[in-house]
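Everything below concerns the one structure shown next.
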Amino acid sequence: MSFDDTGAAVSGLQADIRLRRGEFELDVSLSVEAGETAALLGPNGAGKSTIVAAIAGLLPLDGGVVRLAGRVLDEPAASVFVPPERRRIGVVFQDQVLFRHLNSLDNVAFGLVAQGMRRAEARTQAQAWLDAMDLGDLGHRRPRALSGGQRQRVALARALACQPDLLLADEPLGSLDVTARNRLRRNLASHLSSGRNGGSSAAASSLPGNGEMPRLLITHDPADAFVLADRVHILEDGRLTQAGTPDELRRAPATSYAADLSGLNLVRGTAREGEITVTDDGDTPASGAGRRSVVVLHAADRSLFGPVLATIHPRAIALHRERPSGSPRNVWRTTAEAVEPLGDITRVLLGSPLPLTADITPGAAHELLIRPGTSLWVSVKATEVELAPDGRD
Amino acid sequence: MGDRRRGNRGAAVGLVAALALLPVVALQLAAGCTSAGDGDRMPSGGDESSGDLHVLVAASLLPVAEVLAGDFELLHPSVEVQIAGAGSSALREQVLAGAPADVLIPADPGHLDAIRDEIGLADAPVVVARNSLVLAVPAGNDAGVTSLADLARPELLIGLCAPEVPCGALARQGLARAGIEPVPDTDEPNVRALSTKLSAGELDAAIVYATDAAPNANGGSRDRTIVSLGWTAGTAPQASYAAAVLSDAPNPAAATAFVAFLRTDAARRAFADLGFVVP
Amino acid sequence: MTDASTATSESGDSAARRAPRDLPPWPVAVLAAVGVVLFALPVVGLAARTPWTGLWTHLSSRFVVDAAVLSVVSSVAAAAFAAAVGVPLAWVLARVQFRGRSVVRALVTLPMVLPPVVGGAALLFALGRRGVVGGPLHDATGLLLPYSIWGVILANAFVATPLVILTVEGALRNLDRRYEAAAATLGASRLRTLWKVTLPMIGPALGVAVVVAWARALGEFGATVTFAGNLGGRTQTLPLAVFVALESDRDAAVAISLVLVALSLGLLIALRDRWWPSR
């Protein structure tokens, strides 16, 4: 296959990117191991798109080096620059950027034909990719006649069909509405992880060699990063401020931006009349291993039925020594697993039955005498549990 | 002044005007309206020659017409002469379409017949000048052209006016009389375009008006780029320029005075200076 | 289920409301009507003036048939040339930053502001027998562009190509560069990207550009007559035929104009749905 199997060090991506665009200066070093899914998480204007362009070869570096699968792709000091068409990097663009004059099948076959495959054979392979994406019967449709989620899957298939050495996904969910976003996030997760855990899509894993391919996901949405990535790099104002597993970032965010992002609680469950039954099946980020407890959350939004993704902001979680009286609908008893002072807030990681992150003031933490193992009551107002439909079937 | 300069663009502008006016003519004919209305036609002053005088002339007359207009204005300070030039048939179309005009001087008197029939002329047309056709070559005469017979040499680049325009029709008649069958490489739609190609050396020989090859052509300010060899076979064909006052001229007094002025010695001298033959 | 029912009710709504929403506000309607009248009136005028009874005699004459054939051949060739040269030039102007780009752009748009006659004369001075380039070319090879169909095509292309360049450059600038970036990341060479992505994506604009260029070439007069001359069967296109016919036979001129109008209207209407996106 395309990747070098002498080891992870050469088949992964090593990028040391130095770029100056006007006033903006980018200086970033990151690497993605073979088989790893990394996320580059940062606010708008942090330089994410510039990094995509630099790695893909759409923007030459001013300094540094980009190395992929043992090849140097860009190194100004050595006067090396490999143009994008010879980099073997599959890019899933923001807003998909599908060729609107071609149908889905030919969009997916485009790269194969460009690389010299005969048209008929390319179409056969493209059809297999569409099948793997559950788009098997939409091959004749032009992008305009597809839904946002379908377009996104065609874009993913198009990028993967060439068996690239790296998959670069720039805000792959950015242009979708909440429903499609959540559904596709699940779908993407299964494709990005296929080869690691066997994959939820048998067809996808039967397609050639994407298991060891490094994947870099660029996003401003912590939900994407924390659900999809093994390792998250946080980019702020042209610099990487922190990198680590989602769990590491939660425990010790280095900046207030990281603290804000990494503390966001994402809970999957099944909604019915505003009651969300949460079964912790290991999908939730930072969940401890092996728990199978059940919690029922109450949300103000009673309109949704079926799979939902509930979001709870860490500052919306109140902690108490005694069982609180009054209005909060969601009250349960738990234990503090970790307490991290983060400057003007103190982060408390809560344990069973529902692992959540709560941010409270240092004063409150002191008053409650919270230490790891401290028994606590948790209360969350129903209005603070935000719901979005989840794409789980 | 500006008007006269604009007139210099000649025939092409005339065509545009004529094409643009065609539908207007058609509509007027369709409506049974054969001439423009008679209102506001009277000159404002009581003086017999004052106000604006609109003179439409054949394109080949433009240089001399400017000189003549200046001379006329010296004699009649209260008259402002507006000269416009175009191909003769374009002139006819403009007048028929209702363009304001007092005096009309086309290169072919035949055009005046149509106007007499449709609009009317105040007096019989008066021939004010004639223009002989000549065999002309570019300066240098690289092709060694000596006589009209050379117009039948296929290896030379020969230009004539199109048979549809006066200089082309007259040239063909003259050549037929001399028993010469020309092999033109282009039938230029007007004599001005023909002399442009000739003076640029893009033709070896052409038949143009004597005025186009005269020493004073182009105001005499430039080097002579066209050389006349005369008409080498008998009498040269001639175009005649006849002036006529339109019966519905807005300024009939000044118009009549202008036509009379064209017959004076001063005017005849001006014509002769530029190569015209005066009657 | 929910999705499907929502979609149905939405489309039902829009169908019910389409009629009032598609009615223009009255000032728009009035001005649009003025526009239609402005362009329809000349056609009406031409039709009203057309000698319908003798039409076939006029149109089947050798002179008209020759001109029509030459016009179609040379205008199609000029449009092909305009596309072949104009698209690459537009690409360079839109995509390559270089010193003097604005000078080049100004240069290629010059034929649009230059009076065509002047453009033709400039071509003559450059490529004619005595031209800066044409002179040495003629001396070395005997090749002569004026007075030939190649001259007609070149003159037509000279005025038509800028239309392709400007239209295509605009379309290229409006095209999201990421489509080309996407093609590159999929391994497509730059030429393949141009051919398989860029050109198809600007297809409608390119189509419009070529059709407009063709129409411009079909009606071209000034540059053609000045550069290529006018000789029936060799360089006389329909507009030139109209021009000379206008000098002698107005009926013939109107009849030929009608051929031009019919040719261009016919093609533009036929291509309407193909090139102009219907949405």
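We just call them A, B and C in the order they show up, numbering each chain from 1.
Quick note on the criterion: a contact is a pair of C-beta atoms (placed from the backbone, for glycine too) under 8 Å apart; a residue touches a chain by one contact, two chains touch by 3 or more.
Worth saying up front: this structure is predicted, and the values here are computed from it rather than measured.
Undergrad: Just say which it is for the chain contacts: an open line, a closed ring, a star, complete, or other.
TA: Contact pattern: an open line, chains touching in sequence.
Undergrad: When I count C-beta pairs in contact, which pair ends up with more: A-C or B-C?
TA: When the contacts at A-C and B-C are counted, B-C has more.
Undergrad: How many angstrom lie between the CA centroids of chain A and chain B, rounded to a whole number?
TA: Centre separation, chain A to chain B: 84 Å.
Undergrad: Could you put a whole-Å number on the gap between the CA centroids of chain A and chain C?
TA: Roughly 51 Å, centre to centre.
Undergrad: Please compute the C-alpha centroid of chain B, do the same for chain C, then give the distance between them in whole Å.
TA: 35
Undergrad: At least two other chains touched by the same residue of chain A: list those residues.
TA: none
Undergrad: Can you list the chain A residues touching chain C in their complex?
TA: Against chain C, chain A makes touches at 53, 56-58, 83-91, 93, 97, 99-101, 110-111, 114-115, 158-159, 162.
Undergrad: Spell out the residues on chain B that touch chain C in their complex, using ranges where they run on.
TA: 9, 12, 15, 18-19, 22-27, 29-30, 87-90, 93, 157, 159, 162-165, 184-189, 193, 196-197, 200-202
Undergrad: Residue numbers of chain C touching chain B in their complex, please.
TA: Residues 41-42, 44-46, 48-49, 115, 117, 121, 124-125, 128-130, 146-147, 221-222, 225-226, 228-232, 235-236, 240, 243-250, 254, 257.
Undergrad: Taking the complex as given, what residues does chain C use to touch chain A?
TA: Within the complex, chain C contacts chain A at residues 176, 178-179, 181-190, 192, 196-197, 200-201, 203.
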